[in-house]
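Presented sequentially are two complexes of subunit A, the first with subunit B as partner and the second with subunit C.
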Partner chain A sequence: MRRRSAASHSVGRRRFLTLSAAGLVAAGLPRAARAQGKRSGELVAGLSERMLTLDPANHYSISSTSVHRHMFDPLVDVTNDSKFVPALAESWRAVNNTTWRFTLRKGVTFHDGTPFNADSALFTLRRVKDNTKLIKSFVYQDIESVEKDGDYSVVVTSNRPFGSLPAHLTMLGMLPPHAAKNEEAFFQKPIGTGPFRFTSWTHGDHIVLAANPTYWKPGVPRVEKVTFRFIPELSTRAAGLRAGEIHVVDRVTPDLVETLKSSRGVKVFDVPAVEAQRWIFQLAKEPVKDQRLRQAISLAIDRNVIIKDLLLGYGRPVDSPVPPGLIGHTSLPAKPYDPERARQILKQAGYTNVSIDFVLMKDLYPKQLEITQAVAAMLGEVGIKVNIKNLEIATAREHRSAGTYDMFFSGWAHMPHDPDWYFGQWFTRAGSEKLTRYNNPRVEQLIAEGRVPDPKVRQAKYEELERILWDEEPEIWPYYSVAIYGVSDRVRNFEPRRDYYVLLSDVAIV
Partner chain B sequence: MTDLFVTDRSLEAGPPTSHRRPLNAPAVIGGLLLALTVLASVLAPVLSPTDPVKPQFSRRLAPPWGLGGTPAHVLGTDNLGRDILARLLHGGRISLALASVSVLIAAAVGIVVGLVAGSGGERVDALFMRLADVQLALPVIMLAIAIVAVVGTSPAALVGVLALSGWVLYARTVRANVLTIRRLEYVEAAYTLGASDLRIVARHILPNTLAPILVIGSSQFATMVLLESGLSFLGMGIQAPQPSWGLMLAEGRDYLSNAWWLATAPGMTISLVVLGANLLGDGLRDLLDPRLG
Partner chain C sequence: MFVVLRVLPGDPAKMLLPEGAPQSAVDELNRHLGLREPLHVQYAIFIRSVFRGDFGQSFQYRAPALRVVTERLAATAQLALAAMFLTGAVGVSLGIVAAVRRGTRYDVASTLFAVLGQSLPNFWLGIMLILLFGVALRWLPTSGFESWRHLILPAVTLAAFPTALVARLTRSSMLEILGRDYIRTGRAKGLAERAVVLRHALRNAAVPVLTVLGLQVGTLLGGAVITESVFAWPGMGKLVVDAIFFRDFPVVQTVLIFSATIFVLINLLVDLLYTVIDPRIRYS
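Coming up: the complex of A and B.
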């Protein structure tokens, strides 16, 4: 643990110095000079996951969200500490529990000169609600109507409270209404209001973006050109970084940190991610539907060993199902490691020779096979036999929807920085139907009540429902993940994001 | 592969003659290499220093002895602190057992099919040989993916896949031999004397095909070890935490830049066993092929 805290301190100090230096420089210069003088150079980022589409409404991929954020602006932005801040919407407020009102920014144009106004927001929102083929469509099905009130104001009403709407809008880039004419052609060469313009995309390999000189935010972007290369193999990304061909890489694993740190010209940034690792139980299946067995499993797992010895400190102990920083996070008593008590519970409940299947989606999460083997050994100590099934992702998902597993290595990155989606997906009857078969009417009611816009109400409801989950243990939350990035020391002002996004609009290179 | 076939000319002399040739160096070296690995694997429970499956987190990624490590872990430890030598030895049990069993099954099936096809008339022959063509046309890995998707991963399924990939070679060789031998004078003489089909196959045909089968078997053993490792590497074979050479290789891949011994040790072992089996196969061929020497 010492190693990790040392690392994060050094990063914090470095970031602080960078920021204060930038602030000092900024204070002494007129705005225009700052904006002009700083735009130069080219940034190359290596992302772990391939981008599959240029349509911001048709994916939930983290890499794609990163890339799209440079071309498209959403209505709402989210900061690294999960605060929602204006982007294309200057302000918003909940008129009542089922109505949101957004006031839009004036004087913004799309890359082709089309002005951004309420019609763009109307088009984008109605499109994602009405075209149910779009992957993000299901989130917006609660919307009843999207109307404009003047040219720069939009009113969204929903048929039930939709408090997480601003959070979801952080992931929905605004489109010009003329995209409707021929969507297929539009998304070959898309246009947004973002800090970069689309230049070219070689499928599965890389995308090139060029600075938008008329971007509405002064001083942004700070480079002429950004290239995102898609490189799933970590060792290849790391080699590119060490060779200086790539300036930023995401998804570095703990074992590689020391190697990168000792490479000349490379810095390593780490930050607690908005992601809780989770091992879900199949709650309709013997024997893990028995809460006593789940409790015994939980007691038999030494989470500290996993965090300290396997993740080398790049993980944090869990104190609530929702990671810190998000609405609903609360501090609950840590889950103890007590194999003796686990054996007792198993004995009292009459479990002998328990054997469970632990299914993994092959190569999806860093170090998952290693961690699962450690867990198998820990459970073996209390007399539970674990059969590890490391399967192709599609096959593993089939097992998950068929319910033919006992434990399943699943994660959850809170991409919208709001837990409503997580709760609705995993702890309502409809949401978990093809996943864990979770069913608790009280929890379902609390999730529904937690959908209102009032953050105080939401926090109270979520705290109550998390206490229920903490006792029921429908899943094990072994650790909160840590996001690790490798960055060239030529890069200035890089912010390691907690949501795994690689955002380069404010980043410069020397 | 045609040089493995016993040709007409060689058989015109009649039943195998017994002029002995001295053992050649490749066969001896290959045989020794194989014998050593098999022996080490059989004795794994005695030889291996620690439990091959139980993690020891405090000893993670210890380098091999002499390269910064200790004699307690001669080949170092892996990402969960398990002794690599122990895992190699136990993994050898699994890898070698799977390879031998599948070679035996493939040979048994292949010999029977070859004998039936060669002596059972044109239609039977055509049926089996087309079946063999179909089998040869399917890439093994693709077949393995399909089978694993249906029946799941288990050692039995793995043996099935391996055996399925191997029987054709035996069937074709045996069939070719049967077709030739059937027309030889001493076989026809036996027919004339009233010997039954079964007797002719057992007494005259089978003994004459054993040499090429031995050769194929030993070189195929190498292929099977490689294939088993390949499938386990891809996650379609042995499942963690059980050790298998291919799986160890796969787990070590992520550590190449900071702990090279994880992948190197199983990689070297696979190479040595494959080399041994191939040397033995070559040596046997030199020894048994009447055309040579």
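Coming up: the complex of A and C.
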């Protein structure tokens, strides 16, 4: 390192003049290039998860969604502040509680020239609903019919209100109907309407995409080529960024932030994620089925210490089960840290020598073991013994299904930027049957009523629902996660996404 | 193995579906994956398919398991062969030098190298090499599977342990041979030292070294999980670990069949090589 910086200081006169001239030319170039709307350069992103498939309907992987979003456009897009905006659908409206009507964008073509129209939307939606082998299929099972009304309009009816449909559609890339001829071959070399075209995919290593020069959105993309490299090991990903090989890396952990910040040419971006950490209780099991015990546990946990000392500030205090920005979020009073009150409650309820099992899915969340150990110490202070069980993911999940745990370290990223999935899964009897065994008919009713498309109704129902959950404490929401990205200082216009996506269509490199 | 995988706790469909998938979706997906059938029926289908060359569909990749595995085989083979080449070349050379120059600083250096090579964890060594040659000096790429330059750091990392092993083994084996009478005879009749060491001593010392090398090749071709993880190398080691993790039974089974076959073949090859190196060994 020292050698290189010494070299950069010893510049001779002739070299100085040459460099200055080159610098002037280079400084003028990007502006000129921008003025002409020209794209240039190549971006390389290092993603934490290997992409397994090129079929947008067959996964819920965040890394894969990042890659696919460059090749396929959805009907609806979502901004970083969770607003739903037009993509391939120019507009949409709820005709009634069970019917959505989407008006499609005209003049868009797939990468092979096939026009995008209602047939494409029809094919994509019917495929994901009917082909139950697809991972995303279960989300669309409420759909009753998908019909076209003219070439650029689609009507979707469901057998019960489906207010979150536009949100789910942000994760479903549109396909050309001819993909049906030979799906296996199609997804080896897929075609979408997105800002980039598929070039090549070295399985397990990287995928290369080239700019789509006829993209419907003017000025996008801003680079000629994007390569996504799959590097699950964070230290390796970070090394690639520091070496200048990679321009953007995702899923940086708090303890690596300082290293990256002190590296030359590297910037760090962080943003509160649409993810709430949650430690769920087994509500059909003694002793944690007792709300008083759950309340005592909650009072005994100092959330600020966890955020400040263990997450180094890269966590946000929770004020609702649902992160800010999402529909239904309502700011509720912060959960206090009061070990004395916790002891009183335990005493009044007659709990002595309480012992609980706290199950973790091994290595899934940053710092989870240290955090759990800290929680065990905090609960120990009020007389609750915690047995930490750090289990391999599949085994831990089996424990959760069987209900053989007291507390379970989990998290929920609200990927379609809508809380309906979370509520429906965890707080309805059917949804939580093999999970927490939560059962509250009033909450169930509110969830059902909150499924309508009207945002005002949804907001009201969810506010009431969140208040009930806040009091019941069927789970502890210790902090909202923070999404941290490492980015080269050559990159322009990078937006750190709250949903962990790495989106590079509108990003430039100098 | 077929049964062991299936009696492990954990449900493949649950691992594939997101956290919030309802039980009905889990059951439906397990049906598609053929996991609702009784175990003996699943086994019969598996055996019948394997004999037709069909190793099943990977649950995770939704592609033929055989294709998923063979795609990774090239990366694994490249890495394993490069590491083995380094092991053979560096390990044997170091061992010879240490034995011939016994007690000198060359011997000490070689022993030190052997101790380091065998005691440094692969993970740490890999990261250090990346930081030094990738980040600080920028001589080599930090990770990836593209050109021969990408191969150097992982190969060195992977080779560190077996090289040290081979160096130590070669040294002790050579020392034993160099003390034999026929070596003294060779020197007494005026043979050049180079000929004594390389032609007469090494050839006899090579049999145990070759055994170890053979075992190492077999092991490395099965995949090198840690090195592959550190360098994001798309090899079979990481593939099989992930497959176990995600309960992707067809991929685990295919990798095991492959690795076992390769292991047996390599060791057979080594046994055959014995006869070339040492004509006294005959298989009848």
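The working rule: the second predicted complex is superposed on the first by the 472 of 510 C-alpha atoms of A that agree within 3 Å, B and C clash if a C-alpha of one lies under 4 Å from a C-alpha of the other, contacts with A are read in each partner's own complex, and residues count from 1 in each chain.
Following the convention adopted for this analysis, contacts are C-beta pairs under 8 Å (C-beta built on N, C-alpha and C of every residue); 3 or more make two chains touch, one makes a residue touch a chain.
Please read all numbers here as calculations on a predicted model, not as lab measurements.
Q: Could you classify subunit B and subunit C on subunit A, in the superposed arrangement, as clash or fit?
A: With subunit A aligned, subunit B clears subunit C, so fit.
Q: On the A-aligned overlay, A:77 touches which partner chain: subunit B = first, subunit C = second, or both, or neither?
A: neither
Q: Touching A:472, do we find subunit B (first), subunit C (second), both, or neither?
A: Neither partner.
Q: Who does A:235 touch here: subunit B (first), subunit C (second), both, or neither?
A: After superposing on A, A:235 lies in contact with both subunit B and subunit C.
Q: For A:309, using the defined touch cut-off, is the partner it touches subunit B, subunit C, both, or neither? Pick first, second, both or neither.
A: First partner only, subunit B.
Q: Among the partners subunit B and subunit C, which is in contact with a greater number of residues of subunit A?
A: Touching more of subunit A: C.
Q: Who does A:392 touch here: subunit B (first), subunit C (second), both, or neither?
A: Touch status of A:392: both partners.
Q: Report for A:290: first if it touches subunit B alone, second if subunit C alone, otherwise both or neither.
A: In the superposition, A:290 contacts neither subunit B nor subunit C.
Q: Figure out whether A:202 sits in contact with subunit B (first) or subunit C (second), or with both, or with neither.
A: Once the two structures are laid over each other on A, A:202 reaches subunit C alone.
Q: After superposition on the shared chain, which partner residues are touched by A:338: those of subunit B (first), subunit C (second), both, or neither?
A: A:338 contacts neither subunit B nor subunit C.
Q: Just subunit B (first), just subunit C (second), both, or neither: which does A:49 touch?
A: It touches nothing on subunit B or subunit C.
Q: Just to confirm the geometry: in the superposition, how small does the C-alpha gap between subunit B and subunit C get, in angstrom?
A: The answer for the closest subunit B-subunit C C-alpha pair is 7 Å.
Q: Taking the stated contact definition, name every residue in subunit A that is touched by subunit B in one complex and by subunit C in the other, in rising order.
A: Residues 235, 392, 395, which sit in both footprints.
Q: What does subunit C use to touch subunit A in their complex?
A: 8-11, 14-25, 28-29, 32, 60-63, 68, 71-72, 75, 127, 130-131, 134-136, 138, 141-146, 229-232, 234, 238-239, 242, 245-247
Q: In the complex of these two chains, what residues of subunit B are touching subunit A?
A: Within the complex, subunit B contacts subunit A at residues 53-55, 57-58, 60, 79-80, 149, 152-153, 235, 239-241, 251, 254-258.
Q: Under the stated contact criterion, what part of subunit A meets subunit B in this complex?
A: Per the stated touch rule, the residues are 234-235, 238, 253, 255-256, 258-259, 305, 309-310, 362, 369-370, 372-374, 376-377, 387-392, 395.
Q: Which residues of subunit A touch subunit C in the complex?
A: It comes out as residues 1, 50, 52-53, 55, 58, 60, 132-133, 135, 137-138, 184, 202-206, 229-233, 235-237, 239-240, 242-245, 392-395, 397-398, 401, 410, 412, 415, 421-422, 424-426, 430-431, 433-434.
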